[in-house]
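Next, two complexes with chain A in common: one pairs it with chain B, the other with chain C.
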Partner chain A sequence: MKSMEHSHSKYLSNFDNWAEQKRFVDFTDKDVEFLKKLHPFAVEYADTFVEKLYSHLMTFSETKRFLGDEKTLMRLKLAQKSYFIDLTSGEYGKEYFNSRIKVGIVHQRIGLSPRIYMSTYCYYMQLIIPHIYGNPAFDADTAKGIFSALYKIINLDQELAISAYIHATDEVISRQTEEILEMSTPVIQIWEGVVAAPIIGMLDSSRTQQFMERLLETIVTTNSPVALIDITGVPQIDTATAQHLIDTINAVKLLGSQVIITGVRPVIAQTLVHLGIDLSGIVTRPTMASGLKVALDKLSIKVIDSSKE
Partner chain B sequence: MDENTLSVIKLKNILLVTVPDEPGDDIIHELQTKVLNAIEKYQSKGLILDISNVNILDSFFARTISETTQMVALMGGQTVIAGMQPCVAITATELGLHLGKAISTLDVDRALDIFSDNFKLV
Partner chain C sequence: MTNESGENPIQTEGDIVTCRKLIRNVTSAAGFGMTDVTRIVTAVSELARNVYVHSGSEGVMRWQILDKPGQIGIQLEFEDFGVGIPDINQAVEAGFTTAGSMGMGLSGVKRLMDSMTIKSDVDMGTTVSITKWGRAK
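Presenting the complex of A and B:
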C-alpha cells in the first residue's frame, strides 16, 4: 500500500505535464462540452455497459481469474461504473488525473497485462458508438464532435494508465537492481588477517565503486593484510572489468594490504591473455582454497591436519 | 592552524610523523624539510608516515610523498605509509595518484614490523 502511495505522489508532480499532454491531443473546452452532451446517456446506460463488459471478460480465462468471488466482482463493477461515468463528467482536473494513474498502478500490482485493459477500451468504444451515431438526440456534426472528443479522452486515459504502469514496473526493477547490487558483493573475514570477497556477475563501474568501498572498509576494520577476490562467479571478463579489478587491487595496495585473485577459470585465463591484460604483479590462483593457502603462508600461519600426526 | 607544528618523533632508528587531518601546502613542505633534516641528524634507516587522520589526498600531497620517498631512499632510508583511509585510497586510485616507492601498511604497528623484520615484506 505504501509503495503505491509512493509512486502515486511521484506522479502528482507530473500533473503539470498533463496540461501539455491535453494540448498535444488537442483536447479543448469544446471537447469537454461534447463529452458533457454524452453524459446523460452514459449515466443511463452505465449499468448495462458494465454488465456487458463483465460478461465479456468472464468468457476469457485470463481475465476471469482476476475477477474473483461475487463480492470482489460487485466491487469491481461499481468501480468500473464510476470510471465509465467519470469519462464524460466534464471534470478533467487533478482528481481525474489521480484516478487514471491509479488504474495503471493497480493493474501493474495485480499483474494484469496492459494488453487486456487496452483492449477493454476498444470494447467500450464498440458499446458506446451506437449511442452516439444512432442517437436521435445528436445531429451528424454533434455526433462527429462527440466521437472525436471521446476518442481524445480515451487516448489521454490510456496514456496515463500506461505511463503509470511503466513507472510502477520501473520502480520494481530499480528496487531489484539495488537489491542485487547489495547482495552480490559481500566481503567476509575468513581468517584473522584474511578477508574474502566473491564477485558474482559482471563488474561494471557502479558496482566496482560499491565493491571497492566495502572491501577497503572491511580490510581496515578487520585489519587484514591479505584480501582474496574470488572471480569464480564472473561469467566473462572484458577490458573494462579487468581495469576495474586492477583499480581495486591498487587501492587495496595503498592501504597496505595485498590482493590475491582466486577462481581464475580456464576461460578467464584465456581471455585475460588474449586481451593482453597484464596481471603479472598480482598473485592469482585457480581456486579459493589455494588462494587461502597462499594467504596463510604470507601470514606465516600453518594449518596442521591433526589426524595425520 | 598556527600551533600546528609538525613533530618528527625518533623511535630507535626510525622516524615517525603523524600527518594532521587537513595538511596545507606549507605543512607538507615543512614535513619534507624536517624529515630530511632528522634523517641526516639521526642516521635513521626508515620513515613512517602515519596518515590515518588524513581524509583528503590532493595531487600536491601525493607528489610530495612520492618525492620525499625518493629523497629518503637517496639518504638510505625506506618510507612506509601507514593507515591510509579507504576513501583516500579510492580517490587516489580514481585520480591515478601514485605514491612512488613508498610501501603501505594498515597501521603503525605493521609499519614497525616491517623494520624489525629487516625489510622482509608481507
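Presenting the complex of A and C:
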C-alpha cells in the first residue's frame, strides 16, 4: 500500500513560524526575564506541585484510567516535573518547541482529551498564583509582570499542544481514508476465470490508480480471461471517470483479457450519450447477473438448473 | 425556499467531490427528478474539474435556485482567475483538449444543460455559467 504524504499538515505549527506566534501574544525578552525570576521557586516547589496535581487528577475516573500502575505513575510525575520546571527555565528555543509538540501528539495517541489537558493548565495556574502574588520576594509590579509572562507562555504551550493534537488526529483520518479507499474497490474471483470488481462511489484519479493495479494483479494471479466491472454503485460518470474506465479496459486488453461493464443504469447511459462518449466498442450489460452470463458463455461454461432436469 | 443560493471553493481535487455532493443535495431538495439531478451533477463535475485541471488557479462555484410558475431551475457559475481560454469556440468543440484527455467536457455540458455561456480572458480567468430548468413536482 502506498502511503500518502502527511508532512505538510495545515495544522501542525512549525518552528519557522513560532517566532511569529510569540509576537502574536507579545512574548518578549522582558517576559523571559520575568519567568526566570519565578524559576527558583518553581524548582523549589516542583515536587509539591506535582503531588498536588496528581492527587487532584486521581479524583477523576477519566484521568485515573490513564495514570496506570505505580511505575507508570512515577514516570509521569517525573515528566510532569521537568515539564513544569522548563516552563520558567528561560529557554524557549527549538528544544522547548519540540517538547511541547510531543505533548500534544502523545496525548492524542493515548486518547486523553484536550479538555483534560486544558483544565490541567488551569489547575497549574491555581497552584502557582499564590507563589507570585503572595511572594515577599516580588513587589507588585514584578508580580504583575511574572503573572503576565506566565500567562503568555502557557498560552503558547497550549497552542502548540493543541495544534499537534489536531495534526495527529488528522493523520489518523488520512490513514483511515486510505484504508477505506482500498476496501471500497475490492476485486474478487467469482468464478473460475472470472473476476468481478464492484465500484462504489466515484472513480476519482487517486482511486483509479489503486483500482487498476489491483484489478490487473488479480486478473494475472487468477489467470482470468474475463473481468466484470460493476458500476451499479457509481452515482454519475463524467468524462474523467469515463477516461479512467477506458484506460482500465485497455490495460486489461493488453493482458489478453476482456472487460464487461455491468450495472449500467439508464440514467448513466443517457448522460454518457449527452457527453458524447462512445462506449460502442465495449460490452455492457444492465446487471451483474447478465454480465456473468456473457462471461460464462465466453468461457463455454454451461450452468444447468438441476431442478428442471 | 426560493432564491436559495450558495458557493463552494474549488482548490483541491476533494473540492470537486464536495461540489458534486452539494449540488446533488441542493437539486434533489429543490425537486429536480433523478435524471435531471444526474445531468446537473455530471455538468458540475466537468466544470469543477476544468477549473481544477486547466485554470492553474483557484476558483469558486456559485449556485442559485430559480423559480418560475410550475418550474424549478438552477443557475451555476464556475469562476477562476487562471490562464483563460484563448479560443472559446474551439474549446467547446467535441474532442478539443489541451490536456490529452477526451475533450468532451464542455461540449457535453452544453448538451446536458439548457444553456451554457463562457466568458474568458487570457491570463485573467474564465467564468462558465450554466442553467437547467425542470418541471416542479
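Here is the rule we go by: the second predicted complex is superposed on the first by the 183 of 309 C-alpha atoms of A that agree within 3 Å, B and C clash if a C-alpha of one lies under 4 Å from a C-alpha of the other, contacts with A are read in each partner's own complex, and residues count from 1 in each chain.
To be clear about the criterion, contacts are C-beta pairs under 8 Å (C-beta built on N, C-alpha and C of every residue); 3 or more make two chains touch, one makes a residue touch a chain.
Just so you know, these numbers come straight off a predicted model, no measurement behind them.
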Does chain B (first) or chain C (second) touch A:V267, or do both, or does neither?
-> second
Check whether A:N223 is in contact with chain B, with chain C, with both or with neither, and answer first, second, both or neither.
-> first
After lining up the shared chain so the two structures overlap, which partner does A:A242 touch, if you call chain B first and chain C second: first, second, both or neither?
-> second
Pick one for A:I128: touches chain B only (first), chain C only (second), both, or neither.
-> neither
Have a look at where A:L150 lands relative to chain B and chain C in the superposition and call it first, second, both or neither.
-> neither
First (chain B), second (chain C), both or neither: which does A:N250 touch?
-> first
First (chain B), second (chain C), both or neither touched by A:L275 = second
Please indicate which partner A:I105 is in contact with in the superposed arrangement: first for chain B, second for chain C, both, or neither.
-> neither
For chain A, what residues appear in both contact lists, the one with chain B and the one with chain C?
-> none
Per the touch rule above, chain C residues touching chain A in the complex are 13, 16-17, 20, 24, 34-35, 38-39, 41-42, 45-46, 49, 94, 101-102, 104-105, 107-108, 111-112
Touching residues (chain side chain B, partner chain A) in the complex | 81-86, 88-90, 92-94, 99, 103-107, 110-111, 122
As the complex stands, chain A meets chain C at residues 202, 204-206, 235-240, 242-243, 267-268, 270-271, 274-277
So, in the complex, the side of chain A touching chain B is made of residues 209, 212-213, 216-217, 219-220, 223-225, 247-248, 250-258, 298
